[in-house]
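In the two assemblies presented below, chain A is common to both, partnered first by chain B and then by chain C.
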Partner chain A sequence: MAGFLARRLGAAAIAALLSSLAVFLIMRAVPGDIVGQMLGQSGGDRAAEEALRAFFGLDRPLWSQFADWLGAVLRGDLGRSWYQGRPVGVMVWEAFLVTLELAVATLVLATLIGVPLGVVAGITQGSRLDRAIQSFNLVGLSAPVFWLGLMLLVGASAALDWSPPFAWSGPQEDLADNISILVLPVISLAVLQAAAYSQFVRGLMIEELGKDYIRAGRAKGLTPAELYFKHALSNVMIPLVTFMGLILVQILGGVVVIESLFSLPGLGRLILAGIQGRDYPVVQGALFFVVIIATTINLVVDLLYGLLDPRLKP
Partner chain B sequence: MTAWRLGLVLLAFFAVLIVAPGWVAQQSPFDLDPARALQPPSAAHWFGTDDVGRDVFARVIHGTRITLGLVTLSLLIATAIGGGLGIVAGFAGKWFDLAAGRLADMVQTFPPIIAGVMITGVLGPGAMNLVLALAVIYVPTFFRIGRSAALAEAQLTYVEASRAAGFTEGSILVRQVLPNVLPVLVLQYVIMFPLALQIEAALGFLGLGVVPPTPDWGAILEQGKNFILVAWWMSLWPGLFVLLSAAAMTLIGQGLREKFGR
Partner chain C sequence: MTEFTLPRRTALQLALGSLALPGIAEAQQAQIDPLLYGPTPENARRGGRITVGSLVEPPALDPFRQAADARIRVSPLMYQGLFFEDQSGVPRPLLAESATAAPDGKSWTFRLRRGVKFHTGQPMTSADVKYSYDFMRNAANGSPGAGDLSSVTSIDAPDDFTVVFNLSRPNAALPMTLTNKYGAVVPRGFLDDANSGTRMNEISVGTGPFKLKQFRPNSTLVFERNPDYWQPGLPYLDEITFVTMPNSAAMAVGLQSRRIDLAMFSRPQDTQALANAQGVEVRRWPSLNQKTVDLDCKYNNLGDVRVRQAIALAIDKKTVMDASISGYGTVIGTIVAGMQDAWGVPLDQLANQRVDLDRAKALLAAAGHPNGFDIDLTTIIGYDWMDAAAVTIAEQLRRINIRVNIRKLELGVWIRNFRAREMGFTFNDWGTTPDPSLLYYRHFRAAPEGADFRNWNHARASALLDRGQETADPAARRAIYAEFQKILAEEVPTIMMFSSDVLTANRTRLKNYVQHGTGWYFGLVKAWVEG
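Presenting the complex of A and B:
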């Protein structure tokens, strides 16, 4: 187990380092940096331009800029935003809490809808109910998440004469406001993930129910409830955990668009604004954070997999 | 099997729109007329008009070629580069396999949409940058598929036999391994299509896709979001077309998978 963990951690660290380097280089690969944006059209003043570049450290060789950044990150310092002057670590953390609330609420809702749908579809394979659930899966997987969000906005406004508040409030500030801001984004994200869940669980159930031990159990006189929920479902749990990790990473990506649509101050908006403003420390810090989170989720899933399946224990 | 047929019918419908959009939508997708801005759907404008008075039906129909064309092109590039490198890595192995594998890991540490936002955000909007971003995102997927297929193929007896018969490595790779790996790559292409389409639409919606006034479904949605509560028709139709074409490719992918027995 220790060897496996060390190998996985090593591979994850290399991937994180390489991707940080890629972000660093991509940001600097095209013309146009913060100095250009600050001076705008007034340009031509070479001295001011050079002074500003030196101030941001942009005049130094790339390798030394990257080494400085990496060294600071390893000491736990993500630097300061070039626009706001605030520590990037704090900005990323605040944005992460918004994204986390959105992602966890989505995961819970998607699991509550998707898993039962998949189980029912799997048990009643070929029935009209199964076909209805499969149609839901197809629509849920094919509909753009932000389009669902737009349609929900229209629907809520037409049917209930209601629109979510514009200004963000966190759960500690005003819980009622917080929930009414999040309800539409969470539903639009959850439909996609519920469909993915349902599709996946249906396949697992069908595979599991075709196995010999189910037939033996039926012959032994086990009730369908015991067969389905005690035996089949408990075997389905292992791949389900893996899938949950996959879904969580997908939600992390999906929030970028939804945050932009519903004006939520999460990680996606932070990254987007950082890229557009060429605020290198913010982009590098936020993307580093996202990569670490995504890698950690994958690692935890691998470990859980080993814990849940006794056969995989070394 | 009926689902598979529905997928083919939908695909044929989109094929017509791609080949002859002007035949379906008589009006121009570019003609502005502020006098008829934000009109709801009517006999003259089936999908209504947008904020500068363009016909939304014409824009959505003409957008088919742009949106589906860009996704098709990006995935073709990803398949050619990723699949090609994967086959070589799986067949030749050694340091090349190791290095390419690490690079694929690196790209895949980012959730796809975030990688897309980063690339198009830095390079700026434009069709070519969009294609580049989508291709980069999906190269690792095709690399892995091509690699594992070639790896399995390389161990089969016929490869050994060809080697004994004196064929060069290059000729075994191109003439014998490639044709056997190709169906796997084609299937993966169909499976990835709906996913890449969602990313394309999302980037368009974030304003990182094609440059206006090009009619692209994601870009129409981006424009429509500012008028969502006064002109829902600007957003309903392009999203519905994304949904239908993604569903078509998903159904075809499921059908192909059944046929291949995977």
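Presenting the complex of A and C:
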């Protein structure tokens, strides 16, 4: 177990280092830098450009810029935003909490809708109910999130004369506002993920129900409830947990669109604004954090396998 | 209720004489100008809060080192320069009380207003004014506004309420340069701290009617009334919250559901959704912005003036405007719509304004391209109007056998190309402070005095721009800029197509909001809300 953990953590460290280097180089390869953004299309002259470039350390060799950044990260310092002046670590953490709340709420809602739908569709394969659920899946999987979000926003306004407050409040500031801000984005994201879940679980159930032990159980006189929920569903759990991890990573990746669509100050928008403004410390810090989170989720999923099925214990 | 108004400023002639220009004695302006920031309302109520929806958010709030338009829009609430850029084209004294140019035009003396306090509580004196503008004009401090002050050689503060700007050559546009786009008057010493730029995201240190209360990036920006503000009784509002809105559909929804009180729309046609909305009024204002096609004279075949003229003769500006902003604007010739009356040349007196395909083809043939050529036309991601305009122009140029390939660039990349004078054949969307020197000089004056982004390098035009900047007499100045505009139209380093109206929508409880043509929020200083 210890050896497994050490190997995985080592691999994670290498992944973080390589991806940070890639982010560092790609950001600098993109034409334009913060100096152009600050001076605008027509302001300032060469002297102003040079002064600002020196202020941000952009006149130094690339290797020395990267070494400085990496050295600071190893000391636990992600630097400061060039625009905001605030510590990147704090900005990333605040944005992450917004994204996490959005992602967890989406995951819970998608699981609550998607898993039962998938189980029912699997059990009643070929029925009218199954076809109805499959239609939902098709629509859910093919409706673009930004379209769905916009329709929900305009629809809620037209039908209920209601719209979310557009200014963000965290759950600790004003819970009612917080929930009303999140309800539409969570539904928009959850529909897609619930459809994906339901489709996946349906396939698993059908496969599981065709297996010999189910036939044997049926012959033994087990009730359908016991067959489906005690035996079939517990075998479906392992791939489902893998899938949940994938979905969580996918939600974290997909929130960029929904955060922009609903003005949520999450990680996706932080990174997007950082890229547009060429705020290198923010982009590097935030993506470094994302890599760590994604690796951690994968690690936790691997460890969970062991808990759910002792045969897979590392 | 929807109401369309096109406010006409009657102040133009009055204003042209109201500033102490050379030869006119200083004296007036001891009192506070009632038209400062817009008309003064009767029976305005003090108090109340409003929420403003905005599609853009400032990356940071430093007025000295951030050129982003989103920053400039809100800065006038907190920070002030010596003058206010009245839409009529006249600088109205703001922190200055009067302006006098020396007879040779090589220095300007400004008397300062007394009783002005910074948000920090300190009183403002000439030492602060000198400090602030010295900081701004020093290129090593990285201010985008430094270039506009290149003619300033030194600033003196002979007493607490007088400053003198000494110039290397006369600059009639100096008062209009000391307005509110870049820089401001801040307490002396504040900018010495290397982190002063980012500190201004937490506190405001200006003299403006509102103070910064809170800035939460990617979310909200809150201003509160400055209780020590120097204009008696102003501002009316206690608090203004700016909320960053994701798109114009959300702004329309926010207005209807009473979440926001005011919003400005970047695409005028997006206000159509509000045509029948209860309690919301949509208003249209002339703007100081322009949508152009710029021609880099070193790119492709654009170095040949006949090619540039052929392109101008093939473009039907009205059709492009209808396609891209549903006609909510004004076709222009060589100046933004908001300055046409004061400074513009009538379009029928300008060359290359009307479509003439036969002449265009003849010019192309004479230039050695009887079968046309291929060219990339650049649009910028996020500027929606350019997409429709690009398709329309590609179609129009196809009629003279110029085959256009549309290429989309991210804004940061586009800015880099523009500044490096490698813009190619591109759309542009830019605004100005209402003075012809500030509009034209940096863009079209040959280097090194100007930036000449389009590599035009035109000697006669440059000489006119120098003379226009140096000439104080309004009539003589107008004649110089008229001549310049005729060259601009003839030579086509740019095709100024149209000014898109500024469209605002507000809840009817918000009163006396007047939108400035720059798109900046000066109007909030005199706006008020019903109880």
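Operating definition for what follows: the second predicted complex is superposed on the first by the 305 of 314 C-alpha atoms of A that agree within 3 Å, B and C clash if a C-alpha of one lies under 4 Å from a C-alpha of the other, contacts with A are read in each partner's own complex, and residues count from 1 in each chain.
To be clear about the criterion, contacts are C-beta pairs under 8 Å (C-beta built on N, C-alpha and C of every residue); 3 or more make two chains touch, one makes a residue touch a chain.
Model, not experiment: these values are computed from the prediction.
Superposition model on chain A: chain B and chain C are shown in a clashing arrangement. Once the two complexes are laid over each other on the shared chain, residue contacts for A:Ser260 go to chain B and to chain C alike.
Shared-chain residue A:Ala48: touches chain C; no touch with chain B. Using the contact criterion defined above for the overlaid structures, shared-chain residue A:Ala294 touches chain B, although it does not reach chain C. Of the two partner chains, chain B is the only one touched by A:Val23; chain C is not. In the superposition on chain A, A:Thr124 contacts neither chain B nor chain C. Shared-chain residue A:Gln84: touches chain C; no touch with chain B. When both complexes are overlaid on chain A, the residue A:Phe166 reaches chain C alone and has no touch with chain B. When the two structures are aligned on the shared chain, A:Gln37 is found in touch with chain C, with no touch to chain B. Of the two partner chains, chain B is the only one that A:Ala15 touches; chain C does not reach it. Comparing the two complexes, residues 30, 150, 153-154, 157, 163, 260-261, 276 of chain A contact chain B in one case and chain C in the other. By the touch criterion stated above, chain A contacts chain C in their complex at residues 30-33, 35-45, 47-49, 51-52, 55, 80-81, 83-86, 91, 95, 150, 153-154, 157, 161-168, 260-263, 265, 269-270, 273, 276-279. Listing the residues of chain C that touch chain A in their complex gives 51, 53, 59-60, 65-68, 139-147, 182, 194-195, 197-199, 201, 216-220, 241, 243-247, 249-250, 253-254, 256-257, 259-260, 410-419, 428, 430, 442-443, 451, 453.
Within the complex formed with chain A, the chain B residues making contact are 102-103, 105-107, 109-114, 117-119, 121-124, 194, 198, 201-202, 205-206, 221, 224-225, 228-229, 232, 235-236, 238-239, 242-244, 246-247, 250-251. Listed in rising order, the residues of chain A touching chain B in the complex are 11, 14-16, 18-19, 22-23, 26-27, 29-30, 138-139, 141-147, 150-151, 153-154, 157, 163, 249-250, 252-254, 256-257, 260-261, 268, 271-272, 275-276, 283, 287, 290-291, 294-295.
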